[in-house]
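Shared between the two complexes below is chain A, which has chain B as its partner in the first and chain C in the second.
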Partner chain A sequence: MEELKVVQVNYWKEIRKEINKTMESLHGLVLLTHNSIEFSDLIDFLNNLRRNQQTTILYISLINSYSHIKQTLQTHPLASKKLYVVDCVSGFLLELQDTVDCVYRRPPPNLEEMKNLIMKNIQWSNPNIIIVDSISQFINFTVPTEEELHNLYAFLRSIKEDALGITRDTIILVYDDRMGSMKKLPTMFTDTIMKLEIIKEKPEWKD
Partner chain B sequence: MTKIMIVDDETDLREMLNLMLHKEGFETATAENGDDFLNKIDEFQPDLITLDVMMPGLTTREILEKLKEKKTKPKIILLTVVRYSEEEKQKLYQRGIVDYVTKPFELDHLIHTIHKYVLLSPAS
Partner chain C sequence: MIETGVEIKYWRSMHNEIDEVLKNLEGIILVLHNSMEFTQSIDFFNKIKSNHFTNILYISLTRSYNYMRHALEQKPLNQKRILFIDCVSGFAFPAEENIDTCLYHKPPRDLQTMKDIIHFGIEKTNPDIVIIDSLSQLINFSKPTEQELDEFYSFLHDMRQQMLNLVNNTFVLLFDTKMGILYHLPTQGFDTILKLEINVPITNSQQTNQLFREKTPLSSVIA
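Entry: the complex of A and B
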């Protein structure tokens, strides 16, 4: 039998019993990994975050179009939270005008440009929480290159220093781990790494 | 033989699709971005193209606009990571897009989708 070499050991903790405490105190730089969740699942996650507190969120989307976000919010409302969107995907296909709560921009080609996009858009939205969905387009933690890791750490350090503040206290970087196991966790500069796993099955119909 | 062109900036995916669709019995060609695609389309004359939505250079909107000037009018299947609303999907269908497949995808799913649109085309 071929001998296998351990390349990484990750510890995950199930926090259901302390979810309220964890979600109330979540702040700093957060990496939220998941198994290909839908936007409605992300809303459920956000609704657990700082319940009953008026919170402003800036959502930078490289996955969900603003139209899809609005459609989802009709059935999954976001409680006590104001959402501003930077839609980096719709402009590829449709000609669209900025609205009071959404601007359409080209997707940043690298993490340095992503940082610039964040800095430009915190001016008009003045958020408490910034969400980048997702960083999977820039790095694959299964097979990251040295250059990708270097760029990621430079990005993490830079946004932590420049984008976080007293009222703007949380940045959530979303990562879809469907590309494989996370062999390199970015433990440097991140304050929390969470995994959100949603398991769905077709319902069993009974007569 | 039914002709398919794969338009994608990801080299590995482009070459893998090229190989697999060729093995399926299609005549294939590739393009690495919008400009490359527009330069090749009237020479290759594909029946169908798989088009990556987010590529450097021309946006998909610009590609679809410039495609109106070309003689060849292929069916278009979008390959995308993006989740669109129903309203947006309807707008896409009005622009000549016949279907879309969300990345990452199972190859069987893509081939099944392609066969929905080129099933009746004559094969040599």
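Entry: the complex of A and C
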């Protein structure tokens, strides 16, 4: 009876029945993992968040350009939410002028710089919710090194202390788990860890 | 390929509250897992109603009683008495071979037979918890037919109406997700759906095997 030593058991609960309650009360530091969702799926998620409240969101994008975001919002509008964007995708490629609701910046090379980016941009946008999409650029939870975990925990603790406040009460860190199952869930310093599983059914071809 | 249907499932990590949730677990529960070993599932079972003594009826369609008894000798269940219905060795051991802690039965051919086995086990032991290991033997949620889904919902409905009561109040249905993506997970019939991700380290040899997997002759597989 040979058995490999278990590194960690992740327990997840399906929350279909309590989704409204969960989304209404979602506060603090939230890790949102997913299996390669589209930006439109993220909008659906955000629309469920505090449905009846006017909220301001600062979206720091390392994967979607502002152009793509704007285009998606035309077909998937964000209800009762004002969105400000830090575009770290186009800023790397082109010299673009900042607008009222978007600034172009170079992608941060590490989590420490990510924190600086957050702190600088909360001043002009004054958000209630900050979204970082995604932290998969900085850590792979399938095989994280000690150093990566140490840096992540330092980052989590630091943004919790410095970026969260009474009105700025939610930070959502998005993580794409397509690299593999998460062997180390960062339960320390995070208030909630959620997983969005998109199941896309493909049709069977018929002759 | 054109996508036809999209379903979003929301899951919340239970890391900080799992002990409390399992202590008070009741109803019909679906537990999805990624090929969890029996020894690994003992830790999970130990957390269910951990604050008092319970009787378990364990209907096994995947492992023999002999194997599970050996595993439990190494890793015991706390505060639990367990009666097995072994549907794996059922062909080899006729009903006359039944012993105090195990009854042998032929593997159920369908959900109706499964229901009969549960009824029989409940009458014998009056358990607090019924565990079925596993549903994967009876239905594949990746590509179920309409008829299979109807029969499954009917099975869950009958279980709730005819078996779930104040004493027999927890039914745990295990399902191994290795069969593929669960396109048709029947979420409506369950009180709670849990997912257990067992993470074991990938050894160097496994990594190498994944990269340079040897081809197995078909003849040896068939043999």
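To be clear about the criterion, the second predicted complex is superposed on the first by the 198 of 207 C-alpha atoms of A that agree within 3 Å, B and C clash if a C-alpha of one lies under 4 Å from a C-alpha of the other, contacts with A are read in each partner's own complex, and residues count from 1 in each chain.
The rule we apply is simple: a residue touches a chain if its C-beta (ideal position, glycine included) is under 8 Å from a C-beta of that chain, and two chains touch if they have at least 3 such contacts.
Just so it is clear, the structure is predicted and the values come from calculations on it, not from any experiment.
Once both complexes are superposed on chain A, the partners chain B and chain C fit side by side without clashing. Of the two partner chains placed around the shared chain by superposition, neither chain B nor chain C is touched by A:Ile166. Ranked by how many residues of chain A each touches, chain B and chain C are led by C. In the superposed model, A:Ile19 makes contact with chain C only, not with chain B.
Here the apex is the CA centre of chain A, and the angle it makes with the centres of chain B and chain C after alignment on chain A is 100°, in steps of 10. In the superposed model, A:Gln71 lies in contact with chain B only, and not with chain C. Judged by the touch definition given at the top, the superposed model places A:Lys195 against chain C, while chain B stays out of reach.
In the superposed model, A:Glu95 makes contact with chain B only, not with chain C. Contact with chain C, but none with chain B, is seen for A:Lys183 once the two complexes are overlaid on the shared chain.
The overlay of the two complexes leaves chain B and chain C separated by a minimum Cα distance of 12 Å. Taken in their complex, chain A has these residues touching chain C: 1, 3-16, 19, 22, 41, 44, 143, 181-183, 185, 187, 192-203, 205. Listing the residues of chain A that touch chain B in their complex gives 38-39, 62-65, 67-68, 70-71, 89-95, 106-107, 109, 137, 178-179.
Across the complex, chain A is touched by residues 53-54, 56, 59-61, 64, 81-88, 91-92, 95, 104 of chain B.
Looking at the complex, you find that chain C touches chain A at residues 1-16, 18, 21, 34, 37, 39-40, 43-44, 67, 70-71, 74, 181-183, 187, 192-203.
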